Each structure stands twice: as C-alpha cells, then as structure tokens.
Amino acid sequence: MASALRRLAKCSDSARLLSFAGCSRGRRGHFARPCTVTAQRNFSSASAMTVDLDGSTGIAVMKLHSPPVNTLSLDFLTEIAISLEKLEMNKGCRGVVVTSALPKIFSAGLDILELYGRSPERCGEFWRAVQEMWLKFYSSRLVTIAAINGSSPAGGCLLSMTCDYRIMADNPRYGIGLNETQLGIVAPFWFKDTMVNTVGHRTAEIALQLGLLYSPQDALKIGMVDELVPEEKLVSTATEAMARWFAIPDHARQITKSAMRKPTIDKLLSARETDIGNFVSFITKDSIQKSLKVYLENLRKKKA
Amino acid sequence: MASALRRLAKCSDSARLLSFAGCSRGRRGHFARPCTVTAQRNFSSASAMTVDLDGSTGIAVMKLHSPPVNTLSLDFLTEIAISLEKLEMNKGCRGVVVTSALPKIFSAGLDILELYGRSPERCGEFWRAVQEMWLKFYSSRLVTIAAINGSSPAGGCLLSMTCDYRIMADNPRYGIGLNETQLGIVAPFWFKDTMVNTVGHRTAEIALQLGLLYSPQDALKIGMVDELVPEEKLVSTATEAMARWFAIPDHARQITKSAMRKPTIDKLLSARETDIGNFVSFITKDSIQKSLKVYLENLRKKKA
Amino acid sequence: MASALRRLAKCSDSARLLSFAGCSRGRRGHFARPCTVTAQRNFSSASAMTVDLDGSTGIAVMKLHSPPVNTLSLDFLTEIAISLEKLEMNKGCRGVVVTSALPKIFSAGLDILELYGRSPERCGEFWRAVQEMWLKFYSSRLVTIAAINGSSPAGGCLLSMTCDYRIMADNPRYGIGLNETQLGIVAPFWFKDTMVNTVGHRTAEIALQLGLLYSPQDALKIGMVDELVPEEKLVSTATEAMARWFAIPDHARQITKSAMRKPTIDKLLSARETDIGNFVSFITKDSIQKSLKVYLENLRKKKA
C-alpha cells in the first residue's frame, strides 16, 4: 500500500494523484451545468455529462463532466449506461465518441467512496452498475470511439477498452492502465478478459499484476490504444475515424462485433451474481477496508 | 454498400476490383489446360489447377488456375479439396506449395455467383464445400505453404491462413484480408477463429469489423503473412522454407500441429450443420440478396 | 532425426550440443557441494542446487547446480519442486530468482536418460514429477524471476516460462525455446499452453512445429523473455525487478496471477492421469525409443 502511494505521489500531474480515487462528492453540482450549447439534441439536463447527437452525421459525442476527475460513482455509472441506452434506441444514431469535459483526466475510475464504509447491499448495487456499464458498452450496436483526453486509470481504462477504437492525446503526463493492484484491490475476471482481448495474454498478465499505468507512447506500443494525436485534434480525428467505420454496412459490422465479443460477455452474464458476491465479500473485508481508509486519508492530506 | 464499392473503386489494380467477386463462369475452359508440363506426376486433367509433385523432394506445387481471378465456386472448391486429399494419401508427398497460375491474383475468394439467386439447397451445398476445403487444409498432415503471388481477399485470405507458412510477393498493389463486411456479408466464426489464431484477438476484431485489406508490408507487420519476397523469388523461397519444415520428423510436427489446431477444428465439426443453416438463412435474406445484386451490377458496369 | 542432429551439430557452444540431453548421471556428486557460502539460511545440503534466502529482503536465489548441464532428472525435478515448496511455506520469503550455477547453460531440459530404456512405471513417475514442477512454479504465490544465464532449451525453457518475469543474458551464443520436435518428440498440451500464454498462438504454432531455439535478441522480440542484460548484471537486474513486484501488495498480486493462470492449470489438473498415460505410451514406442537411442549415441560420439 505504502509503496503504491509513494509511486503515485511521484506523478507530477495532480490528476494522476487522484487516479482511481473518489472525493468528488459535494462538488459535482458546481460544474454540472452542461458546458456546451449546441443546436443538436441534448439528452442531458443538470447531469454529469453532455450528450450531443448530430442528426446529419449520426455521431453522438458523450462528454463526461463529473468534477473534479470523473470518478465513476453509482449515480454517474447509471447515468452513463442510461445515456448509451437512449442513443442505442435512437435510429438516427450510428456511433458515439466518449470523451471528457474536464482537463487532464478522462476518468479516474471507480469511486473509492462507493467502496469504503458502505453496507454490503450498497456495494452490491454499485458493482451491478459497474457490470451494467461494461455490458452495455462492450456489446453496443453503435460504433464506440474513446477520445482519451487525459489520464485513464482503472475503471477509466476499462471504459476506454470497451470501445471499438481508442485515440489518445499524445501527452506524456497522461497514464492509462488497470492499476487496481497498486491499491491492494483486484480487477475482476471480466476486466481481465477485456484486457487480454485488447493487449494479449502475456502483456495483460504483467500489466495487471504490477498495476501498470502506461504513457500514451507505451500504450500505443502494446496496443492498449490505437492512435495518438495532439490533444487539440482528438475530436476531429475521432470523427474521421468514425467515417471509416460508417463505411461498413451496420448489420455486417454489428454481427462481426458480436461474434468477437459474445463469448466474453456471456461469461459475465452466466456468473453475474457470483461475481457480485465475490466482490462484496472481498471489498468488505477488514483488511481491505483498512487499506482503503489509509489511501483516502493520504489523498485528503495531499489535497490539503 | 455504396461506400464499400467506392473504396474498392479506388484501387488501381483491376484484380482488386474483383475482390470477393465471381463472374468467372463460362470462361474457365479457355485457360483450363495445364499450363505447366513437367516430368513429375500431374494429378490434374483439364481442370482449374495443376498439381505437380516432385517425387525426389516430396514437394507438390498446387497452382490455382480458374480465370480470370480464381474465384472459389462449388466446383473449384471441390477440386481443391480432392486434390489435397489425393496428396495426403500419397506417401511420397510431404508438403504442398499453394500458389496461383494467374497474374496479380492469388484468389478473389468465394464466388458471389454461388450466393446470388440460388436455392437454399444449393447455398447449403456450396457452404459445405467451403467448410470442407477449410477443414482439409487446416488439419492437413502435409506441410502447407502459401506462395501468395497476388491479391488475396476474403476466401483467398482464408485459404492462405489455413497454411503453415505464408510468403507473399512484395508488391504494394496486392491486398490481403477478410474483407467480407465491405460487401455487407459476415465472416463465419471459423473464418474469425482462424484469423484470431493468426493475428490475435484485437487485430482480428478491427480487421474483421472494417473488412480491411492489408498491403503486403502491413500484412507482415500484423503477422498475417510471415515473409515478403520479390515476386520472382516466391517459389524458390517457398522451397527453401519447406526444407526447414522437412528437417523436423513428420510425426512430431504433425502431432504438434494438431495440438495447436484441433480445438478450432472441433468447434466447426461440432456445429457444422448449424453453421450451414445460419449461412443459408443469412444469405437468402431479401436484403442481402439485394446488396449482392447491386454489387454484381456494379462489377459488370466496371468491366464493360 | 538426422537433420535435427546436423542442426544441433552446427552450434558452436558445447552446451547447446547437449540441448535436451542427459548424460549427466554419475558426475553430479563432484560438483554437488554448495558453491556459495552465505550468511542466510540455506535449504540445500549436498544437493544439486543452492537456495539462499535473504531474510532482510525476502528474496531467495535458487541456483541450479547439476553438472554438466542441469538436465532435469527425476531426482533433480523432485528437489526443485520441494525447494520451491519450502520457500512457499516460509513466511519470510516473497520472491525467488531461479538461475544456474553452471557456465553457459540455464538448464538443458528433461533428462533423455529418464526416457530411454525405462519401464512404463518409471516413465510415468518421471512425467508426474515434470507435471509437479510445472504446477508448483506456474501457480506459485511467490514472485518468480528467471535469470537465464545460459542456453535454455525444452524443459529449461518451460521452467523459465513458468516464472513471472524473464531476464536473459545478452549472449548470442545462448538459445531458448521448446525444441522438442527437433528430437522427434512432442511438447505436451500444457507446455504448449504455457507457450501460447507467453508468445501468442501464431508464434507458438510455428515455434513448436519447427522446434525453434531463439537467440536472446529474437526471444526478446517475440516476448519469450522480457529483458536482456549483460551476463554480469543478471542478478542485480533480477533484484531490481523484484523490487517492482514487491511494491504491489502480495494478496492483490497473487489473486491477479491466479486469475490469469488458473484456467491453464485446471486443464492439466483435470487431465493429469490421461496426460501421463499418453506420455508413457508415446515415449515407450519402439520407433521413439529407436530415435532416442540414435540421438544418445550421437551425443556420446561428439563428447568422445
């Protein structure tokens, strides 16, 4: 635990200090007004994101906006999943670009405050929402492109990896990876499966055991992201990439996507309750709760 | 569909225009005489290929010769499978080099004319022949080397990928890949499995969804082919490669090959009829037939 | 067989001539005194290895010392497995570095003398010990790092691949790989699975069929080893690497390691007796025994 914190403390980027951290509650309201005003249909209202669908192109842009670092709380996960579901049901939508409205951070991952000091019931409810978000994105009929404009540890990395294509801002200060072990917790089997599907067995083995956060250059090298561009070109590059995916008839692309991902999805679907049970019994252990307490206290000291 | 055609229309190589296309019927007879005369035993007679077995080396060369672009019709698939079976039964044969007798094209893949306007029975018969070709090659006791001397889309790419080793002519005009989705159709699970076994899960996911055709250089980079050589050195390089495989005792190599491929083969064997049923019900759909019609009409216009 | 021997005969390094060979019996006693004297606890006594645990760091160094080439006999395999088990039970131990006390060779692999002219019972007992060594290492709770300071064919490569991390001496004379087919024998499914988990399906397919031995540079390129260093820096580099693994809380790392490897381990556990039966019936075949005889005779001639 201590050494993981030392490692995190070395990061110069304050966003990375908050990797896989919470502490965002009570601040959200301040920034929660939609930060973009567009002529297109906007699904969000006083929410932690904006979703803009351009009816002429069929491309929606989902901008995560839960300050300070887009941690994935129960509410936020639910909102993300519902927003995707709405887009899925909208016949005018063929693809979605997921990005962050906040500087330097794509998403800091699961909200530690949802894991610390909570009842088993609440932990179970939270975990079901994490599963739901993953299931919805990994099996989406839409073309999903992550425009990763900041650090993307743990759950943020998972969200990116559910997408069909990942473009990251070429800023060496940003990191991406499933760094759960650094906090003394463990990525569940379906995080692991998604990682193996993305970077292969051996790279996943070493990355997951060491909880590695990769620089954009290294992430590109191992195939965790597909393309790097200067940050200001992220959205335009995502739009251009979308055009290549739209060139393919939707039904053929969707059947192919399902053929690739269905075995992984079915594995979670057939073990969903067991997975929730495992998570709850792990996270509510005294030793794990103690680790999380120390971690949160250290975070608070750093911020003070 | 339209955009897929636009993409194809950009190719400067006429062979690529015919990627995954048919239109070869009625012409075959013209070129079907064996184009090489050799002192070795020749299995073919007035067929769409020549098979020359060199008794002194144990190497057979199978040259596909079904003008204009080696599309895989029911007859041609059957002939290919029977030719391989004959070689398998010949104790003097230890390896086979598969190549094309036609310029610029290895094989344009499955014959679209077998898919358009046919009865469900005929479609099923055709699909069984595609399965049979794959099963025979992927499980062959022989060392199989593809000498890819031209473009190799869709079924042509599949045939290459069943081989133990792939050498491609280093000509940037050639393309190779499973580009089915570009035509609005879908590679079945065993095409996909072969692709995953060759290039890994993530590369297969993106290549199959986008129906990508790779240049030889890019195909080498992702591991879809193993070696590039100037076109005139293809056969000699294949012979040299064969020597490396022949240096290994056959029984040890064969057991090892089977251990690697049996799970993938068993998957199709245990779902063969279901797979035929799925294919027939997909390909005979009105919407798919309409797509194929448009595609064929466009091909004819281009050729006119 | 002959060609495999020719290939081996080309190697300039005498250690490689003995790749996957035996002939070490009767010599062991000579070198079997522990070659290092340390202040730390030493598990070994007049054995074929030394195991030094540094209580202050929690790092054990296991030095294989069964001259001339660390072939894995029944006794040696048993000793290796028991030594690891003792370390596992020692709460002061968190990681182990496996290396060789002999020059130029990490381990020459399974002892051919255990395979030639033995009763089926003895062959079965031997194979169970090979399984046991693999099972213990592949599932170890400890951080396992292979410091590969010499050639590492066949069983030597397998032992390396069970580790969490592999550092190899950057000496082009050394080779590493599962070269079983070169001797006319076959790596069993769990050797193959370990290889696929390490270098991926396609690379494993070609490497196993051709029984390839890779130079350190090539082994790094395909991911069979993780890092190359000058030979004199092997142990210090291994210690530094260990520190990165120790930075992760043990329980999180161990659960993650198990999640990655359990399916592969369970596959052998559920087919252990069948696997022994298959091995015994294969290795006791007349044709295989004859091959091994020729191989051993050639080895003896070379040494004379």
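Note that the chains take the letters A, B and C in the order they are written out, and that residue 1 is the start of every chain.
In the analysis below, contacts are C-beta pairs under 8 Å (C-beta built on N, C-alpha and C of every residue); 3 or more make two chains touch, one makes a residue touch a chain.
The structure displayed is predicted, hence computed values, not measured ones.
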Other chains in touch with both chain A and chain B: C
Proportion of interface numbers common to chain B and chain C (over half same, under half different): different
Centre-to-centre distance between chain C and chain B (centres being mean Cα positions), rounded to whole Å: 40
Residue list for chain B, restricted to those that touch at least two other chains: 200
Chain B partner contacts - residues on chain C that touch it in the complex: 1, 3-4, 7, 180-187, 189, 192, 200-206, 208-211, 287, 291
Partner chain A, residues of chain C touching it in the complex: 164-165, 196-200, 223, 226, 244-249, 251-253, 255-257, 259-261
